[in-house]
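A short write-up of the structure that comes next.
Labels run A, B, C, D, E and F following the written order; every chain starts at residue 1.
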Amino acid sequence: MAEKVAVFRKEHFNAAHRLYNKQWSDEKNDAVFGLCNNPNYHGHNYELIIKVVGEPDPETGYVIDLKQLSELIRSEVIYRFDHKNLNLDTKEFADLNPTAENIVKVIYELLRPRLDSRLQLWVRLFETERNFVEYPA
Amino acid sequence: MAEKVAVFRKEHFNAAHRLYNKQWSDEKNDAVFGLCNNPNYHGHNYELIIKVVGEPDPETGYVIDLKQLSELIRSEVIYRFDHKNLNLDTKEFADLNPTAENIVKVIYELLRPRLDSRLQLWVRLFETERNFVEYPA
Amino acid sequence: MAEKVAVFRKEHFNAAHRLYNKQWSDEKNDAVFGLCNNPNYHGHNYELIIKVVGEPDPETGYVIDLKQLSELIRSEVIYRFDHKNLNLDTKEFADLNPTAENIVKVIYELLRPRLDSRLQLWVRLFETERNFVEYPA
Amino acid sequence: MAEKVAVFRKEHFNAAHRLYNKQWSDEKNDAVFGLCNNPNYHGHNYELIIKVVGEPDPETGYVIDLKQLSELIRSEVIYRFDHKNLNLDTKEFADLNPTAENIVKVIYELLRPRLDSRLQLWVRLFETERNFVEYPA
Amino acid sequence: MAEKVAVFRKEHFNAAHRLYNKQWSDEKNDAVFGLCNNPNYHGHNYELIIKVVGEPDPETGYVIDLKQLSELIRSEVIYRFDHKNLNLDTKEFADLNPTAENIVKVIYELLRPRLDSRLQLWVRLFETERNFVEYPA
Amino acid sequence: MAEKVAVFRKEHFNAAHRLYNKQWSDEKNDAVFGLCNNPNYHGHNYELIIKVVGEPDPETGYVIDLKQLSELIRSEVIYRFDHKNLNLDTKEFADLNPTAENIVKVIYELLRPRLDSRLQLWVRLFETERNFVEYPA
């Protein structure tokens, strides 16, 4: 709708992870995930861009106060994942392979119930400068 | 439509502003806008990305000549806002709170009538590297 | 559809080109294309972002293996255009003006038949940091 | 000395300012400072890079704890200048023209006495992505 | 000297070039310069950072007016090389191999005589985001 | 010396690490290294900039062939550290705390003997966009 505006907030966290499927043999995991299957983990600086769409409040001119959005992202996402081993230290990826695709969906599910239902949400996650994902597509 | 291509042009301007609602008390403005309500103003390097969508001209291969788009952005937007105090020096924000949401809508309204009606327009505005907006959403 | 995720891969190539319409006089080409019509060519560092949308495979958590996507982009696009003169060294632009709009469509057409039909594709091409295009729009 | 390592920390602040020399006529200020002399101020997103050189502590492997350096920069510089009008809201620029050259020297003088005398200090300040300064040279 | 400040200005130009040594056989040129020896040329977006060191003028607070430095870079460097074929369109590289090392030295020699002798000069040139040079070292 | 030119090459690797001093108690490690002491590791996208200074070869115009420098960095540094756990998977950090300061010195020591003694070497390492180090200082 023409009156809606999108607002974006960028945050980041640093984490370790390992990609593998617990149902598979080591050989198959190596064949599919290559270096990303290092059993001792590797890591990334994850850059996160949260997009929220809604109609600006006529009194404030804000779709959402970006300081409040930043605090929400920090309390729900950054505090949970920053300086963590995603496989070992988080319940979200205890049984879910922490690919960028799965991480971005988990972050969406963490934030969605905390936002007003009139606001739409998208999440973009950079695993590296050259590999990134977005949800919903 | 499959034959349409989007073209983007990035420009920038530097401006001072203050966020507040003239109908509110100082206390309420401080509570809502915090540091952004400094009565002596603060400022930003605004980065602007203009997106224009249309079918390329078969003779030139251009949706729109980006040199002409750049000149249009400069004459309608940059000349108006660059090195200005948005609250004091512009008629657009004399009575409109210069939040990023309101600025991006004003820029859209300035450019829309100057573009061929067969072309679609979107505007993205970065207030900082981490806070940005887009219109229409 | 809510379960779809977008994945992006960034690559780059360096090439020379000249913009002109063979049907036109030199005067008209100069008037329309200006410096870009230099008969001895000029060049760019082209940055390419490929976006692929699909449902992640439940076993891998991948929409598509980004190493495989990277190899596909390299074999179909980078190998073809990197360190080339687009007008003289490629059959794609022998008779097509190598504007960013035309290049981005050619890249789309090169990649589309090589991707699974269940995957959607978008291509973004940066000619410079300030001038870029996307297809489909 | 070969054993020394340089460590860098990047921070930022947003501020308004006006360039002018109080001893000069309006005409001369306009001629020299142009748009930067707007009496109603304009503003910038200032990016700050602090460089500290010293020998790493053999027990920690740190030249200086970057969390402590970040807190020092925030308490001495960011808290003082962020969301401020440099001319009106700070004693440092009450009588000193806030050019990038003068701001970078003021920041150096604020930080120098707070750092261990065995550490060397340099300050780089970006006024825009294209205009920046460093002190000492 | 402690009172000196460095100021930097970033500009860019787009050009085509070919690396080769006219004294060598085609085979040797291919072996040494590889893809960069394409006889039909390739090209780059060159990013240029000019660093000037001096004592700020006490009346203006400027080492050098960056608008004037920008105009000097444009008239001496950008106008000469932008949208050009360095090998064919410039006298500077008619007999000099346009490697980044040679280009950065040529740019230094073009600017040095145009700057006040009390000012020191350095030039950094990015051929790509990942390959760049600086002179003097 | 005035005839010398600096050339730079940027590469990157992704790794996991943990900061701690094996001689210290858990409490002291937590107090000093905070989140960076997570026993399950965290990780980073490390960006590496290698600077080599020398006189360009008059026949090639190169200080060093950047393709060869890139291959050297890959074989000595990237192959060794990329997608590794620095503490567990590398002999260099088996007994050395992998702070950015220590990593940058290790990389220097790996590359120095592989470069011609007439060339000077500096290494810059970004642990994040906001925290980085350089050696020698």
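Please note the rule applied: a contact is a pair of C-beta atoms (placed from the backbone, for glycine too) under 8 Å apart; a residue touches a chain by one contact, two chains touch by 3 or more.
Quick caveat: nothing in here was measured; it's all calculated off a predicted structure.
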- Message: By residue number, over half of the contact pairs should agree; on that basis which option among B-C, B-D or A-B is the same interface as A-F?
- Response: B-D
- Whole-Å distance, chain D centre to chain E centre, using C-alpha means? 28
- CA centre of chain B versus CA centre of chain F: separation in Å? 41
- Message: At least two partner chains per residue is the criterion; list those residues in chain A.
- Response: 129
- Contacting chain pairs, sorted by label, are A-B, A-C, A-F, B-C, B-D, C-E, D-E, D-F, E-F
- Task: Provide the residue numbers of chain B that touch chain C in the complex, in ascending order.
- Result: 2, 4-11, 53-54, 56, 59-63, 65-67, 120
- Considering the complex alone, what residue numbers of chain F touch chain D? 19, 21, 23, 32-34, 96-102, 104-105, 129-137
- Note on the structure: The answer for chain A against chain F in the complex is residues 12, 14-17, 35-36, 38, 40-45, 82-85, 88-89, 128-129
